[in-house]
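Labels run A, B, C, D and E following the written order; every chain starts at residue 1.
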Amino acid sequence: MNTSNSNAPGSPPIVLNVNGIEVIYNHVILVLKGVSLQVPEGGIVALLGGNGAGKTTTLRAVSNLLKGERGEVTKGSIELRGERIENLSPAELVRRGVVQVMEGRHCFAHLTIEENLLTGAYTRASKSEVAAGLEKVYAYFPRLKTRRGSQAAYTSGGEQQMCAIGRALMANPSMVLLDEPSMGLAPQIVEEVFEIVKDLNAKERVTFLLAEQNTNMALKYANYGYIMESGRIVMDGPAAELANNEDVKEFYLGMGGAERKSFRDVKSYKRRKRWLA
Amino acid sequence: QAKEQFFPLLSYRTGPYAPNGTPWANGKQDYLKMINARDGGINGVKLTWEECETGYATDRGVECYERLKGRPGVTLFDPQATGITFALTDKVVNDKIPLLTLGYGLSVAQDGLAFPWNFPLMGSYWTGADVLIQHIMKKENGNLKGKKIALVYHDSPFGKEPIPLLQERARMNGFELSLIPVTAPGVEQKAAWLQVRQQRPDYVLLWGWGVMNSTALKEAQATGYPRDKMYGVWWAGAEPDVKDVGEGAKGYNALNLNSSGTQPKVIQDILKYVHDKGQGTGPKDEVGQVLYTRGVIIQALSIEAVRRAQERFGKGKVMTPEQVRWGLENLNLDQKRLDQLGLAGVMRPLSTSCSDHMGSTWVRVQTWDGSKWNFSSDWYQADEQIIKPMVKAGAEKYLAEKKLTARTAAQCQS
Amino acid sequence: MTDAALLEQQEQAAAPRATARRFGDVILDVKNISLSFGGVKALTDISFDVREHEIRAIIGPNGAGKSSMLNCINGVYQPQQGSIALRGKTFRHMKSRQVAEMGIARTFQNLALFKGMSVLDNIMTGRNLRIKSNLLLQALRIGPAEKEEIRHREYVERIIDFLEIQPFRKTPVGQLPYGLQKRVDLGRALAMEPQVLLLDEPMAGMNVEEKQDMCRFILDVNDEFGTTVVLIEHDMGVVMDISDRVVVLDYGRKIGDGTPDEVRGNPEVIKAYLGTAH
Amino acid sequence: MGFFLETLFGGLMVGMLYSLVALGFVLIFKASGVFNFAQGAMVLFAALAMARFSEWIPAWTGVQSKLVANVAAFLIAGAIMFVVAWVVERLVLRHLVNQEGATLLMATLGIAYFLEGMGQTLFGNSIYKIDVGMPKDPVMAFESTFQGGILINQEDLIAALIAAALVALLSLFFQKTSTGRALRAVADDHQAAQSIGIPLGRIWVIVWCVAGVVALVAGMIWGSKLGVQFSLSTVALRALPVVILGGLTSVPGAIIGGLIIGVGEKLSEVYIGPHVGGGIEIWFAYVLALLFLLVRPQGLFGEKIIDRV
Amino acid sequence: MLYRENGQFKTSYRADQQIFPILQDRWFMVALLLAAFVVVPMVASDYWFRAILIPFLIMALAALGVNILVGYCGQISLGSGAFMAVGAYGAYNFFVRIADMPVVPAILLGGLCATVFGILFGLPSLRVKGLYLAVATLAAQFFADWMFLRVKWFTNDSSSGSVGVAQLQVFGLPIESAQSKYWFCLAFLTVIGLLAKNLVRSAIGREWMAIRDMDVAAAVIGIRPMYAKLSAFAVSSFIVGVAGALWGFVYLGTWEPAAFSVDLSFRLLFMVIIGGLGSVMGAFFGAAFIVLLPIFLNQFLPGLVAMFGASINTAGLSHAELMIFGALIVWFLIVEPHGLARLWSTGKQKLRLWPFPH
């Protein structure tokens, strides 16, 4: 990986450049051990990896939400369009168009779905734009419209996930950090969500960095992918290439050889492959 | 080793009672400074002191006591708070240090045989309550039959202390006593004064401390209760209690153990030797106020006790606490001595003995005229007939409970 | 069954076995359950049964009422209508404790772990129902109390081994990544040695490899102990592969019930949930 | 009958005064999920500032008008409360984003200690006077209707009106503005609020500032009733049952709670108290609140406590 | 490199379940106990015993009790002062009303009185939660304040409502000297501390924590909220009651209800939070912080001020003390929101890695 490709002719400019960051929680737990990645303008970049690999942490580092978790970036730099952003407040980042959809929903429990969405537009001033944004979100997620009046805590898990995504869209972002958007969503909705991602990406040139466990889906929609393992990037490449990599196929796509194996037929565990990084 | 008599000063300059605690503490300290400046100490023994902030809290008070009791030359403790007094009463017995509680503390501690180390000089809440009833009786031409008297009191041992005596008096004099407690610190008294309004007592006795007093006066005003029918204990009759009520407190009466004002010689001396040299502890305009002067006499009596002890145990020596106790038990301040001390007009003569740790019960009534306190009665003394048996019974109960035995008069000459 | 015997069985369960399906009687019979919150009808007249030893999946779009169904079985929600029969005993209102005592354990969709406790302690709470020594004995921790504690600890350690969370034994669960927390949640339910295990999206937030492990595990539990499993899952691959029968809910109604193949072919299900035929 | 009404009325008035203090708690809780232990200290601090400046301003400027002195003192005290809010955000809250309730509660306690020390250092620890010209003497009403009439305290009446106005204003603010919504979002989840661009810092300054002004008004009214000194901060203890009875998150709840507690407290003390020795009002208020809680665990108007799995 | 668990393999779960699984910790603990029981009594002065160590020990015990309820079971209580008062007055009544009542049983019976009172006022916790419960427990506080002032029977008809005990003896040995009082309290603290530690790491402790962290889920795995909450109230108020009895009997000697005022309740809660919720160690740290720091500041500040050539009167001093105290609370919270105990364990964790930074 090199950073100089941002100026290479033909390839789009790099929006987000994460450069060798280390993250420590609670002053003692070293979680990211030098992670570097680039997100090109208008791209969809997927961040893949097992549980605890550090995907969420990477996203938090970018959106500067680490502080509340008592974590901090101790090394490396993060640049947004060439500008260092480690010290910007999350609110400032949102104003610059970077919004994170947090893992595990985090809807405002006491607010209704509609109020949740409206708070998402806090940084936007124009009333009419907000109203239009709301309509757009409702169009993407009709289910939300039917539940608009109920408090978020009393909606189903999937509804909350939709609410969280919709809320982020309300800020009219230019770059979205999506943390496991597919989690808890019905298959139909998962596809819809990815369609929305693709749609926004194509129509409004929104850049996406998404952490996903659903490797299959992620690689289908992303243009580029990084694979993380215990706090390091162990592999990266264009999505299509990754999807054809044997290791990736076996361990992330569940296809030993070429065919998809039935879950019932997988006979053993404790044979997890770990990359030596 | 330097000859220094050490005075631990427990005080509270913060917390809910700070406005009253501060002038009190300042008076005590200024007097010490004055004696050092004017007389060079007691027969050449320099006076030293250290203040320790208790915030009126018992545990902080105990900590202060433990910290200061071991200082070389320690004299006695005046804890300035009823709760701390209770906690220290047990401790001083073991440590053999006198506990001076002028005008507060345990009423039964008047019995020096049962309470060898406690000195509620000049009066207890029983004597105070007794005098108030005497005064009211005088106003009513000697007959209180059928009258109603309400006691509005700080809901704590301090406020409850006078109740047994008042009940006794009610039985004797045939008045009706109603008890109206006010939850400490006494910032919300609407209910209490609604009750006053409902019962329409002929007199209200106010047993308050700190913010409770001024609030009571304001509520009295707000409920239209005549202030001149209100009588406070001597802790409810100082400037901070009435100052910010001003005109609203006009006519309000309270007991006073001491005079106020700057005329007495002792106050003049303090101004001259301390404040004029810029060494005053507090602001100058507070000198001579009620509580300030009370601090002064407390300190004056402590020093007299030391002086008296020196007369017996050796002039110019540093007295041990036990020797100081002897001094406290053998105080004999006649008018002449008071004049010498510059306390003429500030207080009445007082003499103590081994069995009588109070010395005198002289007290006067004063009235607020909207800007200052004026005496409005002659000096009273409590009625021994009533108080004596009560003290005796109380002391016996105390001893029984603590499995202690009283001293005999023979043991007094330590 | 003694604990020792159980442990032995667990031991063997580590090695994969040929599946031998042997369904028993109806263990859990849900009859005409209706549940609504204010105006929202979460469940309308739902009936289905679960037979001993089967893996029963509940699927349906988001907000269909799947979790609410589990909550009703669990006694967290009280349905307005209908009843639930457990081994023939019918309940109108279930108390959570009763349900637990009858051997029903569950995991939660939104992670309901005890955040401040370590992984070990979380799983140990699952054994609480079985702890006999009283408060005083526990305070003194002498003889029987300590032995009992160790016995349960041993059991829990097996579970920890299975779930491959040994390194995190003493980590507070709040600090674990989401996927691992899901595993701890499962571990806690398993520690109850349940007869019926209700799993609410146990594989959300896992990648394929991890899902495979999870499936393997569910299958093993099901095989070895005959534990009946009720499973909510959005991953159709998993549902179709491992479940014996599937209930499909939509907007609080039951729109399908049958073997995976039947359900897969049901046009209503395809329309409401699957989108395209999987 | 007349006396009963008088007690009732007195209770209502006191209740309104409690509401004023309770309001401060509600504001900060509603807007940041923090139970602000420092509210009592803020009342004291603001009142001290106001009392001392109204004393100092005539001394410094020579302007003897009471009105000018009071208005100027009020404004200065308000400005000081703004500074307090700003400093609190900068030095405390900012560093405690996303921490648990207990931690934040403890932090506000630290703030309380600090403000108490600071206030008394800056402004002194004696009794000070706030004289905004409230009438002190009572008026007699309905003398023809009831025997003995009903005594009404004008000071209380004015204070109650001010309290009511303030509450109405704040209710509107929370219901109608988008900032109000953002405040509620922050209370629910700091991190999520941050993630969608709500500037926590600014929100907190606003809230603490408003709470500071409420504390100032409360301090002014209570101070003019009681005199300004340390004990003023203990009024907060009397206001706590009001807060929970009305619901920690409800502005109108603070008022209704205040009225219920005020009336309950006074009636109990006057009618039950004498039979059990008196002094029951304070625990009675708490027990009353507790009884309401047993029926509605979130208080009368509080947001439902959500626990869902 | 010294503080490592490397090479310390546990071959049995019993070994792994020790209170201090790491060898160095065990040695540290042994040394600490030795110091507390033997070394301190040899070196400490009378002042240290009476004004610092004894109140510290008693407050640590009380904080431990409060921590069980607040830290482990998550039921925030502001009524701890009341539980202490009930313990103290209960023990007092047993002590003076029953002839020849020995001290230790009297204190334990006082604790039992507090247990009953605690369970009674714990009943609302079955319905009311969180801060609402916290404020509701103040009802217990104010009620107890009132009860001991008003109901004469509790104070053995003392006119002022203050009571006291004297001449305590254990097995014929008088508890009068500072040392003996210290040992007496230390013994209570050690025994109860150990029992409490056992409880919180046993099934019942896990039930409490489960209720604290997620009560619905706890119910689903078969924990009875009622039993868990009330047992926490019972155990907690027993310990707090014993501490209250010690506070009255050993520290104050004579006391009035105000010695157990709402202020004390607040202070106990602060100790628990600043020390670390849900940590036995935290109770000790918290008590040390809240009891000792003000005393320390009080004695240390004048010297410090004098160093800068200024002087400060006691009022200024105590105001400065308040400010510094407040600032320190905030500072510690910022450094470690989970309290001093967590700071301690983080420190140990760092030590384990030492000399490598991570």
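In this text, a residue touches a chain if its C-beta (ideal position, glycine included) is under 8 Å from a C-beta of that chain, and two chains touch if they have at least 3 such contacts.
As the structure is a prediction and not an experimental result, all values here were calculated from the model.
Following the contact convention of this document, E is the list of chains adjacent to both chain B and chain D. Note on connectivity: the fewest steps through touching chains from chain A to chain E is 1. A count of contacting C-beta pairs for A-D and for D-E identifies D-E as the more extensively joined pair. Central chain assignment: E. Criterion: smallest distance from chain C-alpha mean to the mean of all protein C-alpha atoms. Distance from the centre of chain A peaks at B, each centre being the average of the chain's Cα atoms. Distance between Cα centroids is largest for the pairing of chain D with C. Each chain gets one centre point, the mean of its Cα atoms, and the points for chain B and chain C are 73 Å apart. Separating the CA-averaged centres of chain A and chain B is a span of 74 Å.
Rounded to whole angstrom, the centroid-to-centroid distance between chain C and chain D, based on C-alpha atoms, equals 49 Å.
Computed centre separation for the pair chain C/chain E is 41 angstrom, with centres defined by C-alpha atoms.
Touching two or more other chains at once are residues 154 of chain A.
In chain C, the residues that reach two or more other chains under the touch definition are 76, 108-110, 112. For chain B, the set of residues touching two or more other chains reads 13-14, 18, 22, 155, 181.
Only residues 16, 19, 37, 40, 60-65, 67-68, 109-111, 164, 175-180, 201, 204-213, 215-217, 219, 234-238, 241-242, 273-275, 278 of chain C touch chain A when the two sit together in their complex.
Residues 45-47, 50-52, 55, 96, 146, 149, 156, 159-162, 164-167, 176, 251-259, 263, 294-295, 298-299, 313-315, 317-319, 322 of chain E are the ones that touch chain B when the two sit in their complex.
Interface of chain B with chain E (complex): residues 11, 13-14, 18, 22, 25, 51-53, 55, 57-60, 62-63, 65-67, 70, 82-83, 86-87, 89-91, 94, 106-107, 155-158, 160-161, 163-164, 181, 184, 281, 394, 401-404.
Considering their complex, residues 76, 124, 127-132, 135-136, 138-139, 142-143, 145-146, 149-150, 214-217, 220, 262, 266, 270, 273-274, 277, 315-316, 318-330, 333-334, 337-338 of chain E touch chain D. Residue ranges of chain B in contact with chain D, taken from their complex: 13-16, 18-19, 22, 155, 178-183, 185-188, 190-192, 194-195, 197-198, 210-211, 214-215, 218, 221-224, 240, 243-245, 248.
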